[in-house]
Amino acid sequence: MAYDAIWDRPREECGVFGVYDPQAAIAETIYYGLFALQHRGQEGAGMTYTDGTRMVTESGTGLVMDVFPRLPAGTTRVGIGHVLYASPDVVAADSVQPIQGRTGIGEISVAVNGAIVNADVLRERLIADGAIFRTPTDAEIVLHLLARAAGGNMTERLKAALVELDGAYSMVVMTADALYGVRDPQAYRPLCVGRTATGGWVIASETCALDAVGATHIHDVRAGEMVRIDADGPVYLPFTTPATGRKLARSVFEYVYFARPDSVIDGLSVYEARLRMGDILWQECGFTGDIVMSVPDSGTVAAIGYARASGIPYTEGFVKNRYMGRTFIQPTQAMRERSVRMKLNPVAQNIRGKRLIVVDDSIVRGTTSKIIVRLLREAGAAEVNMVITSPPVKYPSYFGTDFSQHETLIAATHSTDEICTAIGADRLHFLSQDGLAQALREVPTEEISFACFDGEYRTPLPKEEHT
Amino acid sequence: MAYDAIWDRPREECGVFGVYDPQAAIAETIYYGLFALQHRGQEGAGMTYTDGTRMVTESGTGLVMDVFPRLPAGTTRVGIGHVLYASPDVVAADSVQPIQGRTGIGEISVAVNGAIVNADVLRERLIADGAIFRTPTDAEIVLHLLARAAGGNMTERLKAALVELDGAYSMVVMTADALYGVRDPQAYRPLCVGRTATGGWVIASETCALDAVGATHIHDVRAGEMVRIDADGPVYLPFTTPATGRKLARSVFEYVYFARPDSVIDGLSVYEARLRMGDILWQECGFTGDIVMSVPDSGTVAAIGYARASGIPYTEGFVKNRYMGRTFIQPTQAMRERSVRMKLNPVAQNIRGKRLIVVDDSIVRGTTSKIIVRLLREAGAAEVNMVITSPPVKYPSYFGTDFSQHETLIAATHSTDEICTAIGADRLHFLSQDGLAQALREVPTEEISFACFDGEYRTPLPKEEHT
Amino acid sequence: MAYDAIWDRPREECGVFGVYDPQAAIAETIYYGLFALQHRGQEGAGMTYTDGTRMVTESGTGLVMDVFPRLPAGTTRVGIGHVLYASPDVVAADSVQPIQGRTGIGEISVAVNGAIVNADVLRERLIADGAIFRTPTDAEIVLHLLARAAGGNMTERLKAALVELDGAYSMVVMTADALYGVRDPQAYRPLCVGRTATGGWVIASETCALDAVGATHIHDVRAGEMVRIDADGPVYLPFTTPATGRKLARSVFEYVYFARPDSVIDGLSVYEARLRMGDILWQECGFTGDIVMSVPDSGTVAAIGYARASGIPYTEGFVKNRYMGRTFIQPTQAMRERSVRMKLNPVAQNIRGKRLIVVDDSIVRGTTSKIIVRLLREAGAAEVNMVITSPPVKYPSYFGTDFSQHETLIAATHSTDEICTAIGADRLHFLSQDGLAQALREVPTEEISFACFDGEYRTPLPKEEHT
Amino acid sequence: MAYDAIWDRPREECGVFGVYDPQAAIAETIYYGLFALQHRGQEGAGMTYTDGTRMVTESGTGLVMDVFPRLPAGTTRVGIGHVLYASPDVVAADSVQPIQGRTGIGEISVAVNGAIVNADVLRERLIADGAIFRTPTDAEIVLHLLARAAGGNMTERLKAALVELDGAYSMVVMTADALYGVRDPQAYRPLCVGRTATGGWVIASETCALDAVGATHIHDVRAGEMVRIDADGPVYLPFTTPATGRKLARSVFEYVYFARPDSVIDGLSVYEARLRMGDILWQECGFTGDIVMSVPDSGTVAAIGYARASGIPYTEGFVKNRYMGRTFIQPTQAMRERSVRMKLNPVAQNIRGKRLIVVDDSIVRGTTSKIIVRLLREAGAAEVNMVITSPPVKYPSYFGTDFSQHETLIAATHSTDEICTAIGADRLHFLSQDGLAQALREVPTEEISFACFDGEYRTPLPKEEHT
């Protein structure tokens, strides 16, 4: 699910992980946890760990395995980690997290997944007030707020800092002897808590990271809830921010393509949700054909669901090259289509003469869909029927999911029929918003943000962004 | 399909690629070709290219994308490339190819996929005769033979060199103005030729590399055939080696798991072959259950085939973490099972209470199968029925496929029932040798080596290896 | 004059450099300036430069030439630089300067040579007040003070910051359009100003850096004076610190061994000062012998002076290996003497049978002197008479000159005769404090700190250091 | 004595070192030996060592300390090393030595100091005969000759190889259990043997390397002599080459500037030889003045000699910046003189108003001398009288000392008076050839090559070089 330059849509977000475990080699735990969250960000990785005496942060650009060719020995008790997704216009080396600093109550480290919408305002205010920044990260804003917060203990400082932060985020924070997890009051980003076999606790963006460290999933952090874990175990505390009281806004995209299918988010299995998307798509459009295939990997589960519901056999129509990363050489314009072909090679004998049902997760700009349709036609497809596991994306996202420019969204200005013509498909169906809500039925519909589809933003943007 | 330390069987071989194309940026062509062959080797990559004036070799350890963060500009006409699979006991940095050297008829470069069984004898003879080696590669042996061969032109030298070489190999060789491809007289390793859109030619281990560079597949190099491509186009020439006249010995493992499913080898689609393996497995064992799943990725196509034949629904039982490489930190013994879990996380709600048909490609030592069965049981499987797309591996391979030690092969000393008990499965079925032959029906059965299953080796080993 | 692990005394301090020159390629100017100051610190180097639009800092460990294999193009107007001397217990990578940060009045960068004695107090106070530190440098303390200072312009902020700083330092500070140089009110460290051929200005620790960039020496910054250079040229301003009003305390060690002999500090040529030290040594002790030699390099000029005064011929007794650096492999205990021999190889035919007058700059712990005497005796010296260009070091230095521990100073507990015996010399003479003062006669004696010899410290240490 | 781009003459040659010492940590011995020979080459360093089981070569570009940040442990018995001087047109990375290879009698390694004049002929013949080269070094030619030599033992092979080699060289060669040193039949390059404190033996280019490892100098290898050292100790053997029977041709430049002054070459102390050059210069020219100074470092000893003979005081007129290396940024044309000034800063108060006697080692192109004179005049010199410790260089050197182009030698086309005018000096005197011979009086004059001064080459050049 790596982002790459030939793709026309966002592929991931960041991931956070934390551990409090006096009995474990925590660097190892963080490593395995981050590794399981690698799909959320491949541009950088980092961890802060402590042995009770000293707190150390190591981070770098690239995959977890590249950043940590070997692990520090002898670590124990508290640690946090982060995997970084960086949009192409960001220098990943500047943005790796966690961000550690020494404050009046000792060393602190912070890692954030998400977007603080009033970041610019806060940063300028802090600078005017004498703060010196060394990174462009939101995590450093949090660190400065913590360093300057009044109050004698960390919990109070954290609450005082959170009062300032508006936006969509989950974060982990550590001191030398305590671990904190925070989920924003609108629950934009997932965060869960698990218990380790050695009697410790872990916090992670997704449950697949709990599985990876052999931990049992015990809690989904609630909207506007902070968990503090120290020698006394976890305590769950409410906190207040500018977003307190607004409607919840759980991200529908976690289910559509961000999260790993083996994760369970807020009580709903991602795999199950995608199976249902395929099922409902079949109910909605009833497209028939000879085979159901997917654009791998995010369309695969839904394709299996569509096949199961429709009785049309599931077949792999593309073989995906798994060795593609961010460092991929930029193709010349002439090589662009060849590049897509490199990543997705049609299996000709599965395609030739067949009427295809092709399941993909979304259409943003439409350019990749157009190439995909052409590849399938060149491989001899008799029909290319596209079914999409999300509604048309008509409104930009402002929270780090990258399709932030209204004018590039094909669905903002084209009807479904027009898009179908533009990408060259025979038929095209988008999952309806109601259908999507039904696929996610365990999650109350009013708690989910569908803003990219219906424009109903649940967080007001800061004024300077509107001009 | 990356090899990793927790796996108990070989995952790949090397791959070779060559291009003769006066109109193209050949470094780019080689890059895309190697990238498509990356599944055959991730330990190293290299290319030799020329612009007609100067021949240059660049190579290094790691993935194609890591070795070539950018490409040399202005290259044209002739080039070869190689991706390296290195067994864990080899220093990859010493073994990267191609190997280039200056000879009496100019600069030459060589890349080999395979194993020359009389390599030690040849190397010692060459050293006794004054040759100085700088690598342990078979390619350097070929280079020395070429440098010392009598005869005024390259084609004669190459024939003279090949007379000496016994073994299982495909290779590419280049001079400043010609490209050669060679496939051994028993056809152990695949090799094919394609035509580029710019009127040039490419040679590759698999057709997926032809697809990647937009080339049309025009020829499968025959057993004991050499192709020479220069300004006059391709010429196909026979040659003689110690293996000439022996029975053909096409590798069954290319179809079982080495090759990419979108490749077509010697006229048979790998995807089609695997679908049939699943179909025939169902016919042979008739195991029923609630879902068919695979051990990804090599068992997936056969699982789809089994599902289609049996009517049992295909479901993904494991989510595979795709970010695992050779540099993975060696797990402590205590973390070993967790490491497998990191790579393969069961999708609990697909497993729980279900009777599973689990399709895998082979059982070599049995240790990983045992862990896989346990993971599935822990996730709540009601039954774990294993079906394997190849017969029991009872005899070691001597040609670079890594399971060369007889004593570690569980099937060498255990019956199928005993293996089933050892790995903890409910039922276990291996595809029969006849069934496998039938799955590969377009390839004459007498041309295929089943030596690992029936012990009928088609190449005598050099004497010193027998002692 | 590189520090090395086999030496028993400090060899250098840091060096600072600044330039304001709209007409010059300032990165080049800084490079040449730092290169000329390289003897003051070899552990790291860095520079901040600007083109009026953007301010950038580059720094790293090692020599100027290693840190800057090539220079940024197109820089102009303002820049500062620093060479780092780091004591062995410091991680040089953490301490490289300048330190740059964004403040309420824009980007600022700071480089400091010296020691701020109340650094710990200030740092703790700033941290308690919410400041986050990323380095252990004094420069970052200054940066935080500047970021938090009240007042609308940089000059006022700098004055406000300086009010807080006690200690021995010279520093350079830059904004996007102005350069500042600051010398502490007791003038511990040198700082001078020069005019470039292109009409700009430079500030440097020593005049040899002015020579290196072709600048003319126009001013020695006075005690407690700040120079601001911008489009209007230089302005000299007084400022106040806790040290204001205390006795001046120019460092005698700049003349004895820190500074380059071709520098002129506060009106006195270092070369001339050292020549006189040799002359006065001869007048004081009258040691006769066959040759005068030095422990290179810092004893060489005084040895020439001694030879000239005494009429005894000057000869090189040691050849010094010039390729020794900080990365030198730590010798095993058994190899320690061989290591000194590597650095200093006696020229046997100059030594054998001769009565030597050996000039060295100081004796701190005595261990190296002992090895030096032994090497000379092994080479056949008939007599080894040591003359030292400074008085016995009886009191520790608290300002970064590294011999900060009282118990390791041999002269603190031994008489000259006892030291002579301990190091194995035939005779030993230390330059008297009066003799040293006379050698520096252009500098008023009451302005010079002789604290390491007589214990009269001119700066009170902060309270917590006394306990 | 580092070569740098602003200098107009060669500054060094390569250096070789070898050790046979069953009782010592030989990597450490080689390291210290190479470190002492660092002045002979700073572009690269390498060593081959063995523990009796395995032979390993490590090498790289840069200084000994950079190439070996740490040493391999547990090495013993046999090893060789090399420091590389590379002319600016050579890629140092390709030329680092030793060169190791596996031959019919086991692993061998070779390091060469010097120039094999028939290298091109030999290389082409070997390539035509099937040899494959990987470096442009002469050492690899020797290795190929050894690999191909007939004969059952190493000594015979080495003799057979040497029969082919014409030129000016000293070399060290090792097998797993023996060390060889070879000096060409005309003794162009120095080579000496020492005994270590642990009962082993070392071979080195200069005696300063023996001192550095605590070895006693026991032998100067004779012209056309090979030393073999193994468990039986050293054996000295004659050998034959195309040069056998020609006149000896010891290099005068070793004494003039190549060698370290603390070395003793063929019975003559380099320091003593240079002192005498100064003495004889005074006798020959009788130039009077106020001070004698040198262009450091190679002119310094002769300047002391001149001062002692003339009674004119010796003073340092330049301070040399010791931190300049090959990686020095190439100055723009406009910065060229500033670059010289960076390296050599005049000590103004020693120069101003003085009549100077300036001692330098040679004048090749004259460009640097011209800058030096100008610098001194700018510093206020009343007179600049240059005295040179070698005769005018009128003929090019063909043996790696770099001034190989006749047209660039100023003395080839100008008289001494014309040169004096060209460089802007008041007076100029070159040491006469007789005077130089007298300074080297312990070495028979007929054994010394003065070819660069009188054109009497003692080795015929290969035919293709004459055209």
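Order as written gives the chain letters A, B, C and D; numbering starts at 1 within each chain.
Convention: a residue touches a chain if its C-beta (ideal position, glycine included) is under 8 Å from a C-beta of that chain, and two chains touch if they have at least 3 such contacts.
The structure displayed is predicted, hence computed values, not measured ones.
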{"item": "Where subunit A and subunit B overlap in contact partners, by chain label", "value": "none"}
{"item": "Most remote chain, CA-based centroid, reference being subunit C", "value": "B"}
{"item": "Distance between the centres, which are taken as Cα means, of subunit C and subunit B, whole angstrom", "value": "64"}
{"item": "For subunit A paired with subunit C, centre-to-centre distance based on mean C-alpha positions, whole Å", "value": "53"}
{"item": "Intercentroid distance (Cα basis), subunit D paired with subunit C, Å", "value": "35"}
{"item": "Residue list for subunit A, restricted to those that touch at least two other chains", "value": "none"}
{"item": "Chain-level touch network, classified as line, ring, star, complete or other", "value": "ring"}
{"item": "Subunit B partner contacts - residues on subunit D that touch it in the complex", "value": "101-104, 127-134, 143-144, 147-148"}
{"item": "Parts of subunit A lying in touch with subunit B, wherever the complex brings them together", "value": "1, 28, 31-32, 35-36, 38-39, 42, 63-66, 68-71, 208, 211-214, 260-262, 269, 271-272, 300-301, 304, 308, 313-316, 319, 321-325, 327-329, 335, 338, 341-342, 345-350"}
